[in-house]
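Here come two complexes built around chain A, the first alongside chain B, the second alongside chain C.
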Partner chain A sequence: DLPALPVPGDTSVLAGLYGPAEAKLSKELPDRAALEVLLRPKVGLPGVLERSREQLLRQTCEAVVLGVLHPRTAITLVLQVLSDAGSLLSCCLNAACMGLLDAGLPLSSLFCGVTCALDPDGTIILDPTTRQEQEARAVLSFAIDSSERKVLMATTKGSCSMEEMQQCLAAAQRAADTIFQFYRDSMRRKYSKS
Partner chain B sequence: AGGGAYWVDSQQKRYVPVKGDHVIGIVTAKAGDMFKLDVGGSEPASLSYLAFEGATKRNRPNVQVGDLIYGQFLVANKDMEPEMVCIDSSGKSSGMGIIGQDGFLFKVSLGLIRKLLAPKCEIIQELSQLYPFELVLGMNGRIWVKAKTVQQTLIIVNILEASEYMTAEQRKQALAKLSGN
Partner chain C sequence: LSICFRTVEPLEYYRRFLKENCRPDGRELGEFRTTTYFFSSGSITTADGSALVKLGNTTVICGVKAELAAPAADSANKGYIVPNVELPSLCSERFRSGPPGEEAQAASQFIADVIENSQMLVKEDLCIANGKLAWVLYCDIICLDYDGNLLDASVFALLAALKNVQLPSVTINEETGLSEVNLKQKTPLIIRKHPVATSFAIFDDTLLIVDPTAEEEDLATGTVTIVTDEEGRLCSVHKPGGSPLTGAKLQDCITRAITRHKEVKKLIDKVIKSITPK
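For the complex of A and B:
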């Protein structure tokens, strides 16, 4: 039950994971853990955008967390946005995965988030800044799993062709390798002290 | 050719009840013939008043809300409420039961508990040369310590908590400074 903190560029999100803990009777599921994600923006109250992101994050986490090992429990993931300079959703995904790793929850695989922005002239920009996101024709976010680099979640804002989406996905899968290596290095550093 | 089984244990913060584990529980409620104990898992464990050495319906154990109990899990799986007992299979208590007054209860990570429970643990041997003390280790990450004075108790607590991150060298230095005092 402790926070984890990754930082791509100047976007940073603090993740706190609680559980498996006792679930409220109204929320408990008889055969698996009930996963809840709460996303708190840097300023203001959570709004509709946060709610939709929470659902995306929840569905991604549910795909990897082995919830059947902890029936009738609740797992709560709280994400606090500390600063946002672009690619916020993939930063949240990375923070969520590190939080799950840190807490030692049983997972079927790891995942990472990569955001791609499509320039008006078709260039693919990975991990775009806020400015690049605003000027792009389309912004695509992918959650990639660690075992076979498959897509766990994909969300698009704007319009792009199927080929462009495939190209972005391929770029994201390549970028995922760097992020998974970062997870390994962080874990190695964490445990090498003891 | 090859084959074999690997047992992989990983560092976790949250305790998940396992049958046979010895843990320290805190009594949170008395419900008729059962006590409810907080063991740090996702739900409270139950403990029958008859699960103590020498307990009968006439001779009930003197357990109050807030007491510390050292017991083992009789039933612990993902589908059922965990059940604890303070006797072993032959009916003897073998060190289990209500933990006495005073002393200090604190929480550490599960990995440190496993390290301390290893046979001939250096940390415990070195500490026992410092001051005499009583120690109860719960697999749920809880440790109860009692030494002669409050100060000695707190020193032992701090060394145990810090030994999660200290190397053997740093620990020996800290203990040498303390026994020099």
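For the complex of A and C:
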């Protein structure tokens, strides 16, 4: 039952991770842990957009969590959006990963979320604000893994060309280094106190 | 004997085929299933536009109904497009009846995103009178038989149904302020772009196969869906988690998606030509 709270800019998401705990008979899987993600928006009830984001987050986490070590259990990840000033999906991804780290779940690799916005004149902006996202021609979000900087999750909004997507991906992979360094520093700080 | 093996060790069964670069149903890794679709203005007679698409066994029907509504306060010159994907329990044993599950909701969101990203329909075109009256297009996509690759079939069905829609002309009576719908005078919708989706399944972290069946989707370790339009621009790259991919592999998927777009476009054009009254 551990919260984690990364804050890029003014977007903040609180992640709470519960598990591996006993799963309901209807939800348990015989050979691996059943992962569930609940995303609660700041205002209002969760809708179709939250469901689709939950699916993205769940499948990304499933790819890294070594579920086979905990069969017939349930791992629940609850994300509460505290404030949204842009790049919400990558904030959720980072919160999820830090939550998994904090809980000490066995992972095959770490992952981080990076959002890129493509300006109408073609410049790439990393971690855009809400205003930049609205004015951009395209907004691309990637989840990059820590072992080989491969793409775990990709989702785009707006249209762009193939080359632009590759450029954004390369920029996201470079930015991932900074985020993994942040994870490392936070973990170091947490364990050096005790 | 092979049926026993397939049930007991499905992954090993598949691996044997994949090693030979083919799949149990005889397709190659990069081959699509036979795509057929039926336009007929009589697919659903009560709808303003409809289409039935079959991608192998996966059957998806899309019905578009147009209704009138007042535009939203902050976008007075825009109409609405409301897609909804339904996965009823009749299409597969994996779906239970009741409120829409996660897969249906995620698919609905995906379709809404594709319409928005590709700009296939511009909401301003749906406006009749600024601030007073606009069209609302309810696009209902229902899966009748689920055998994998729902997203490709849904996008295709939506595109075909929208191309089939005939909107009656509407005038606002100056004196009464009421709208008058003239059902005899119909104009087709203006479709600006034709997005086509191509889905891939990732096997064992390395192998990519195109157009997965339901069995292949269950065994896959990840999926990628790429939506392209006729100019080769990416309208959507949808990779919801699953095994990691390198940038180069993603590039291969995109190239294959662009080829697929050309195949599908030819198919659409052929059918439109055959139903247009001469």
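What we mean here is this: the second predicted complex is superposed on the first by the 194 of 194 C-alpha atoms of A that agree within 3 Å, B and C clash if a C-alpha of one lies under 4 Å from a C-alpha of the other, contacts with A are read in each partner's own complex, and residues count from 1 in each chain.
Basically, contacts are C-beta pairs under 8 Å (C-beta built on N, C-alpha and C of every residue); 3 or more make two chains touch, one makes a residue touch a chain.
None of these values were measured; they are calculated from a predicted model.
With chain A as the common reference for superposition, the partners chain B and chain C occupy compatible, non-clashing space.
In the superposed model, A:48 makes contact with chain C only, not with chain B. By the touch criterion defined above, A:175 reaches neither chain B nor chain C.
In the superposed model, A:77 makes contact with neither chain B nor chain C. Within the superposed three-chain model, A:162 lies in touch with chain C and out of touch with chain B [touch as defined at top].
Contacts of A:56 after superposition on the shared chain: chain C is touched, whereas chain B is not. Contacts of A:103 after superposition: chain B is touched, whereas chain C is not reached.
Counted by residues of chain A touched, the larger count belongs to C, out of chain B and chain C. Our angle of interest has its tip at the CA centre of chain A and reaches the CA centres of chain B and chain C; in the overlay it is 130°, to the nearest 10.
Shared-chain residue A:140: touches chain C; no touch with chain B.
Fitting both structures onto chain A leaves chain B and chain C with a minimum C-alpha separation of 19 Å. On the chain A side of its complex with chain B, the touching residues are 1-2, 19-23, 68-74, 102-104, 191, 193-194.
By the touch criterion given at the top, residues 10-14, 16, 42-43, 78-79, 111, 164-165 of chain B touch chain A in their complex. Touching chain A in their complex are the following residues of chain C: 102-103, 105-106, 108-110, 112-113, 116-119, 221-222, 224, 229, 232-247, 250-251, 254.
For chain A in complex with chain C, the touching residues are 48-49, 51-52, 54-63, 109, 140, 143, 145, 148, 150-162, 165-166, 169-170, 173.
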